[in-house]
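Below, subunit A partners subunit B and then partners subunit C, in two separate complexes.
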Partner chain A sequence: MRRGRAGAWLVLVVVFVYYLVPMIAMTRFAFQRIPVIKLSFGNLFDKWTIAPLIETFKEPEFRSSASLSVQLAIATAALTLILLVPTMAVAHLRSKRMRRMIELSSTLPFVVPAIALVVGFAGAFRETLPMFIRSPFGLVPLYVITALPFTHRALENGLAALDLRTLVDASQSLGATWYRTVVFVIVPNIRASIATAAFLALTVVLGEFTIASLLLKNTLPLYLSYSQGQNPQGSFAVGLVLILISTIFVASSNRLGKVVRS
Partner chain B sequence: MTGKVAFSNVSKSFGAVKALVEFSLSIDEGELLTLLGPSGCGKSTALRVAAGFETPDSGDVSIGGTSILSLPANKRGIGMVFQNYSLFPHLTVTQNLEFGMRVRNISRDKRSARVGELLELVRLSGLSDRYPHQISGGQQQRVALARALAVEPRVLLLDEPLSSLDATVRIEVREEIRRIQRASGIATIFVTHDQEEALAISDRICVMSIGRIEQVGAPDVVYRSPATEFVARFVGKVNDIEIEVLSSTKARLHGHSQEIEIASAGKNAGLGAARLLIRPEDVQIVRPDSARPNVRGTVKTINFGGATTTADVEISGTGHLVRVADSTRNMRYRVGDSVHIAFDTERALLARGGA
Partner chain C sequence: MNSRVAGSLNKRARHLAFAPYAIFLLVFLVWPGLYVFRSAFDQGSAPKNPMIEAVTGQYRSSFIFSLRLSFVSAILGLVIGATVAVALMRLSHVRGLRNVVVGYSAVAANMGGIPLAFAFLAAFGMQGLATRLLKGINIDLIGWGFRISDFWGIVLVYLYFQIPLMTLVIVPALDGLRRTWSEAAQSLGASTRQYWRFVALPILTPALLGGFLLLVANAFAAYATAFALSAGSSKLVTVQIRFFLQGETITGKTNLGYALAAWMVIITAFLVLGFQVLSRRAERWRR
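Right after this comes the complex of A and B.
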């Protein structure tokens, strides 16, 4: 028992070091005004600055790509919730089969590569809806699909924790319409799951590279990738900020999950 | 305004399972009728059809003479209390009570006044700001009842509202429901599988089995004069004794020479093997020299039940075990005592079959 626990701790420490060492290296590279070949333990606390971040924030290309990514993230989170909450609620109430189908569909992004998704998407809409391909917001449905494994799970947990059938029947017996039942009964009772799904959708969009790259949309991850040659310190600094934001989102999701369970 | 509720030839199937078969029943204004039966007998389905949560395959449901089948659940004006706790967890007691009134756009002043009345009715005035998880199960069901009454429904449906409560609270809430139902005068359908609950709370009981009505009647009638073998067995305890019918008034215990009278029970019985279904309290321990026909037996077990005690008596020479119930005051026997028992078959039921 004790040996097992020690083994678990060892694995945890190895994983922690595996992630932490590059993070520390990245942080020092981004925020210390010291040439990379001269970085050592001796100058660990010297010449720290946030200037690379501020300089990057001032760049118009950064601003436009960051703004686009934020808009896409919000649109993705909104579309995900508008589509998934009523659909999953109906599936929970009326059809176990539909519930299983949604669950199965939600895992497809794990097995369908992004390139296949983009090729299919572009092939289908290039002739029929070219505006859809040209507009950066054409990315939103693809991002909804990409984030589905995470967003579906978050909402599924929230709905499964409720006695949805009884709450909906009670609401309707009191005279509420389906719309009122969704807005005033179901949504408030899964608000933590909704927030978790939204955070996860935001996190996925802020880090997504392949789809945006293949469809030639200048999102933040693409900006970071392209600007590494010209402004390596700045792009690493912004990358770190993104990691921090994502970590906060994921931590918030976990915290909300605990609130739901309690 | 309330109204008479009527089910007319309602049938409902779920795949191959027939939940309701030609179900016809009416509930008068102010009446509390209980649908009683084992799990899967269709009692909750009947309730859900009335509430609008299930659509019947055929038949009609009306309130005050008007069919309600074409109306969606939220337009039927029916209040419902559920088996599971159904209060909205994110709303306080007051907000739960106000929910239906908000849907109907009732003014804030009227809502507040009504909430006050309802809280007083269910005796929970001090809990208005609590959330459901901050009150007990019994209190939650009382709030659920008040919430159902808040919208002044034409009919009240109670779907096993006591089944999640423990025994003591269950009796308390049961009495509370009866008091409130009488005060409100609303036609009420109460669903339960607990015969004791049904006998205690109802004006009338409708005993159901496999989607069909077995008997409808006042609690004492259903208990004392069961119409079918199923009712006799399901409502209360019953002795099932193999007999041989000799005539319309006489029978003999199977394997025993003693004849007993079966005056009422034997009215429609043919001759030959049959089974006598008789309540334990209709079997009495008598003196050996009693004028009534009696048989000798031995007390095998004594079951103390507070005010009433039962004894299982094995009839000599047959191995038949007959349960006898009497007041604890009269039941002064011990295991192994030799006794004589007589059968009061006035309210007993005769079933075909047996040895």
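Right after this comes the complex of A and C.
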């Protein structure tokens, strides 16, 4: 048993090193102004600076792509919730079959990889509704689809933990309309899973590259990819910030998910 | 009579509530999906049906490259991810360890895209920190022909999200193994090895296999990381499709991109279906 435990620790340590090394290397590259070749134990702590990040934050290209990404993320989270919360609430109340159907449809985006989705979208919409391809906000519905498996799961957990029937009966017997029931009864009761779903949608949008890249929309990940050549330190620094943000988002959605389940 | 009318009205209203969601999916998921298949089978003036051309010659080798990469990264992800999960089980007495590892797995499983590629370029690129450190102890990766944008390089990067994804799939399955089973095996004289081989492994098989298919699909659909690692010149099917959407230069072959995408959908559909069937089986033992 003792030996088993030592082996288990060894496994975790090795994997931990594998996870740590790229992050350390990226941090060092972004924030230390010494090329790897000249790095030695003597200058390990010299020339560290956050200037690359600050300088990049001042760039107008960075600002426009960051602001586009943030707007897209918020729009995606909002559209996801508007579309899913009422529909899923009705499904939970009325029809088990509908609930199944929605669940099944929420896994469809796994079947259609982002690259296939965007190719089909571009082809289908170019002839009929070109504004969806021209406007950067045409990305929003595609992002809602991409995030759907995750956002659906989060909301499903919240609704399943609720005695929805009783809540809705109580609300309607007091004379509330369906709209008031959704906004003032259902939403407050599943706010933790709404926040979870929103966090997951934000994470998906902030990191998404495939769709934006094929439709040539200048989101943050596209900026990173383009500026890698001229401003490697700055783009690596921004990449690190993105990793940090998505870590915080996923971690907090996990924590909220635990609140929902308990 | 009256109640029947009310009932059917109610039913209609019920269906109406699903309309926005259904229409949304139809317009933004089903329609693009169908468009891919319609164009993929549309030969036009090309000498060959695009669906056939997409799996011959250089495109066939693209598919083989993508699938090989997906399988290799999935097998390694399966083995390492499951090992991590078993290690966690062994160390269940350490407080908080499981929460930290599972929590970080959720984070890392969602990682990918451009930032992940950057991290690995900084570590294992030509001028990477790890490359340099390893060379210091006489492990000359570059001298041995290792490139982060090549097959094994991409595998190394993909493992970053494949391992934790597998851990997330396997940890609940290991939780489902009941103490009484190992006690029963022990009281019948089975060794630990025999217990794992004849009791635990058969029960875990659907979960392991399902997880494996999920990992294959996951790697197969990936695009951004490989694109950034190779500066857009990767052999991956996903990266190949890009040329057709943007260039459309090869006359008479415009539908080839759709055909590549259609084959991708077909392959992923089988993988995801297999995953769902197997994970339903795996859940039988829980509760």
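Just so we're on the same page, the second predicted complex is superposed on the first by the 240 of 262 C-alpha atoms of A that agree within 3 Å, B and C clash if a C-alpha of one lies under 4 Å from a C-alpha of the other, contacts with A are read in each partner's own complex, and residues count from 1 in each chain.
The working rule: a residue touches a chain if its C-beta (ideal position, glycine included) is under 8 Å from a C-beta of that chain, and two chains touch if they have at least 3 such contacts.
All of these numbers come straight from a predicted model, not from anything done at the bench.
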Next on the checklist: Once chain A of both complexes is superposed, is A:Gly120 in touch with subunit B (first), subunit C (second), both, or neither?
Outcome noted: second
Checklist entry - Does subunit B (first) or subunit C (second) touch A:Arg94, or do both, or does neither? => result second
Next on the checklist: Looking at A:Val182, would you say it contacts subunit B, subunit C, both, or neither? Reply first, second, both or neither.
Outcome noted: neither
Checklist entry - Looking at subunit A, which partner touches more of its residues: subunit C or subunit B? => result C
Item to check | Partner chain in contact with A:Ile133 - subunit B first, subunit C second, else both or neither | outcome: neither
Next on the checklist: With both complexes overlaid on chain A, does A:Ala161 touch subunit B (first), subunit C (second), both or neither?
Outcome noted: neither
Checklist entry - Where does A:Leu83 make contact in the superposed view: on subunit B (first), on subunit C (second), on both, or on neither? => result second
Item to check | Interface residues of subunit A shared between complexes with subunit B and subunit C | outcome: none
Checklist entry - Considering the complex alone, what residue numbers of subunit C touch subunit A? => result 14, 17-18, 20-21, 24-25, 27-29, 31-36, 39, 80, 83-84, 86-88, 90-91, 101, 103-104, 106-108, 110-116, 118-120, 122-124, 127-132, 159-160, 163, 217, 220-221, 223-224, 227-228, 238, 241-242, 244-246, 257-258, 261-262, 264-265, 268-269, 272, 276
Checklist entry - Inside the complex, what are the residues of subunit B that reach subunit A? => result 51-53, 72-75, 78-80, 82-90, 99-100, 103-104, 144, 147-148, 150-151, 157
Next on the checklist: For a test of understanding, state which residues of subunit A touch subunit C in their complex under the given definition.
Outcome noted: 4-5, 7-9, 11-12, 15, 18-19, 21-26, 28-30, 35-37, 39, 83-84, 86-87, 90-91, 94-95, 98, 102, 105, 107-125, 141-142, 144-145, 203, 207-210, 213-214, 221, 224-225, 228, 235-236, 239-240, 242-243, 246-247, 250-251, 254
Checklist outcome for this item: So, in the complex, the side of subunit A touching subunit B is made of residues 163, 166-167, 169-177, 180, 184-185, 188-189, 191
